[in-house]
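For clarity, chains are labelled A, B, C and D in written order, and residue numbers in each chain start from 1.
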């Protein structure tokens, strides 16, 4: 199982210029920072990446640039979901060509169909994809919550190699870890409960907070692996309020705001997402400061 | 209020060929049937039209053809929703140019934001749209349920002229009818409870069952307007099981199957939607036969 | 079907004294008013009656007094639900002895079991009950939503004679009316959408607003039966905001407040229910005044 | 903080005889087993104890007997919830007199009121209770999900000393642990994710699986405290399927069946709960055997 994908992944935002186009310079700058950080990989065109607003050409461009800037230092996972199966299949091929090491794949969700429909969509894409496919369970956004049974069934496909599960359902996470092959990667989908996910059998996490505090996340991960539980619990306590603030509470506008405040390129979201109100920005920054996580992130100064 | 939009609207499917491309001949054939029917209008690129699978070019083409075939006989409403505001604005302009008389507009729904975000999206599109905008509340598919307060607020915009509400929430429907201007059209969004919607103040319905049984729906509508309540109740009883079968129970594959069986062009759905299992097809057809609605649809033979 | 139970039923509150005991004088006074009103019946120990706070002895006493005051003028339905089947069976026997003409029966709901459990509970009680049992679907309070299939199955029992459905699901209401025997009573469970329920096949309603405005509710009912649709629609429009204010918005404390303001005995609720804040009381009374329903209620002055 | 309540608590069922009365001999037998086990405490008249079916007299009797059999060896927590505040207050007093060391208290839940109502109910009972009160968050059964904000607010009361949270919401659990005093006990409410709860800051668990496998649960707890993470993760993996089988999957009938099979007194549930179907019993027992947890439970043979 030498090639099982594990560790800390950052689901990164897409930086836009004031006119709504992709800010390529900002993207390159961020990629260089992440490449220098302890991150294991990044997720492009996930929820933080504003995937519903990105067409295939834009996702391909983001992926190509990531390959140029980060090759060999970061595992690059690109979001291949489109509503129609044929569009997702085309994305799988194009994103792989552009340099993606793996693909993240939401289930179909506008039409709430049977599990058979979801499974078929996943395997249709996995059949054609040159690189491994990672399922993406995101019920808060999609209204579809993949069952442990479905995930374990999908995991039998030789090219479906993992899942990012944001449901927060620890029972599901535990059954998923128990019922999938040893080289299938179960990722917790938020830093709010990274340690809890690891304790239920996850082998890593993809989480927004690792964009801001990659070393803190890696430290928690390593403390868990090495049995330094007190340290892991303490880090989790500090990560929770920050993680929650840039996801559930203030969402992508909050995350981008914090990135800007911490030396990365954040910038505006595409509409309909609205800018972070100033009052929320102040709350957010005070949560970040109170966490004291900055002390672990000396790599930034390097 | 001479120009208030009322009556029976059919949210029509998009016919596809075996290779997944739009079946233009089938589309023209269907349009000619609907033009000859008692329908007041059609909705293109709504949920039945597989809107998440249609790009703007395809929606424009469908609208143009509808204009050619049905001009003057059907009000043409085209689905302008795209996830990004800029894409929806572009769609509003292009679909109007192509001949749409009005636009149907889902709220943003992948990111579950505040009502402010929804309202801003609606007004951003309505500001630029050359033709009136009709909101589309479809919580079963989107996970977003527009409140009566939001709808009434949006209705203050001079270019937002109605709503299709499928929520089935009669309290909301009643408050919406009470709290919007007299020329704002409140449509019930399914034939399952068309008469209930009318009784709460709706001025019409957009409903899949009117594709198959347009005259039955118009008869119910007229019976309501003219106070022939016994007839209206009887028609509603007959419509319910058919309407429910081609929506909640068997969805678009069921609707398309029934269309094929009744002389229209149904055809396959785009993946990930799967064909109707044969067993379901038999159930569906027996529900349709049992309804006895065919006796009201003599126009077909004309 | 001479004995099918139809019409307008008031789910009445239980008046309490300041010390939390039942206010018998207030109860008698209210019963005399309802007996003089156009109401067809009352529901004792339903949700408005604070059923979870009433033991069997109290329900029996309320029922006995109702029998004394209202015999022959009101159909008396008493709430027989207790969590344990044996307790509900005992209640069925005792309440019948005390004078109940029928029983209202919630499903078991703390433990969310299979439909088999719900059905068995209903039939266990119906088997032993000397008077007919009416099911009570109240998902907002119980978290259990009876399916149309279950209701139709239960309706096969010779002693299960109706349902009060507050779900607001018109599809369910329609299927229930279609799938139950002719002498099975389907009641809409709120005045918010009484006319909609009638249009889907209901034969009456049990609704809080009929406590305050019994004649308005009867007028709507009769207008529906006699095909005066304009009048029915107009009455529904006026009833909606009042009905909604004393149920969803301000709940039992609001209902009791309004009763007090309109010459009936309202009084405090048992804790944990809290008194209506003064600000809400003002809003509530302005909604009632704005409705103009008072003009239909001249019987009060008699 | 010498007296903070921590560790492994068993939410135990109430054994009934065939006629539905409490099986006192069975109850004593079980109590003697639990007293000899590594359990830290038991919860009487919780969800597993069929609390909605137990009147106060029965709860008092169960508590008195527990005191006789287990005094000094088990912390005795008794369920004091009744729907009406006055009834819950009386229960608090009587159960304390009967020997309860603490009380478990569900929120009011039939009427879905504001948080103010919930808070007031909790503090009204805590004000009068001679022993500490532990909140009980059980949204799957009650439909009410206590927010972290509410829990932290309630924790300011000097006599509210902990919470059993079954929501499975790790974000809430983490915020609760962060926002309550050091001597406030946060218990995870199921063995499905005991280790995850500990990792988020819980100081113990109350969980059905500890009735069957108390030592396995204590071993996990101690492995966590002592940083033997590999062992803790392994135990969690084994506990999950058993815990899930006797709660979510097969519920109290399953739990009681397994108790009977393992030398304790299980017996029937009160109606409306139905006996475990034989097929489910076989599945359940095979899950238990497959877990291999028996090897850790040698104390039973002592």
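Observations, loosely collected:
In this section, contacts are C-beta pairs under 8 Å (C-beta built on N, C-alpha and C of every residue); 3 or more make two chains touch, one makes a residue touch a chain.
As the structure is a prediction and not an experimental result, all values here were calculated from the model.
When the partners of chain B are compared with those of chain D, the chains appearing in both lists are A, C.
Number of steps on the shortest path from chain B to chain C, with steps defined by chain touch: 1. Of all the chains, the one whose CA centre sits at the greatest distance from that of chain C is A.
Interface residue usage between chain A and chain D, two copies of one sequence, is largely shared: over half of the residue numbers at the contact are used by both copies.
Taking the mean of the C-alpha atoms as each chain's centre, chain A and chain B sit 37 Å apart. Computed from the mean C-alpha positions, the centre of chain A lies at a distance of 51 Å from the centre of chain C.
For chain C, no residue reaches two or more other chains under the stated contact definition. Chain C contributes residues 20, 47, 52-53, 83-87, 108, 110-113, 116-118, 120-121, 124, 140-143, 251-252, 270-274 to its touches with chain D in the complex. Against chain C, in their complex, chain B makes its touches with residues 168-171, 174-175, 177-178, 192-193, 195-201, 224, 227-230, 232-233, 236-237, 240-241, 244, 248.
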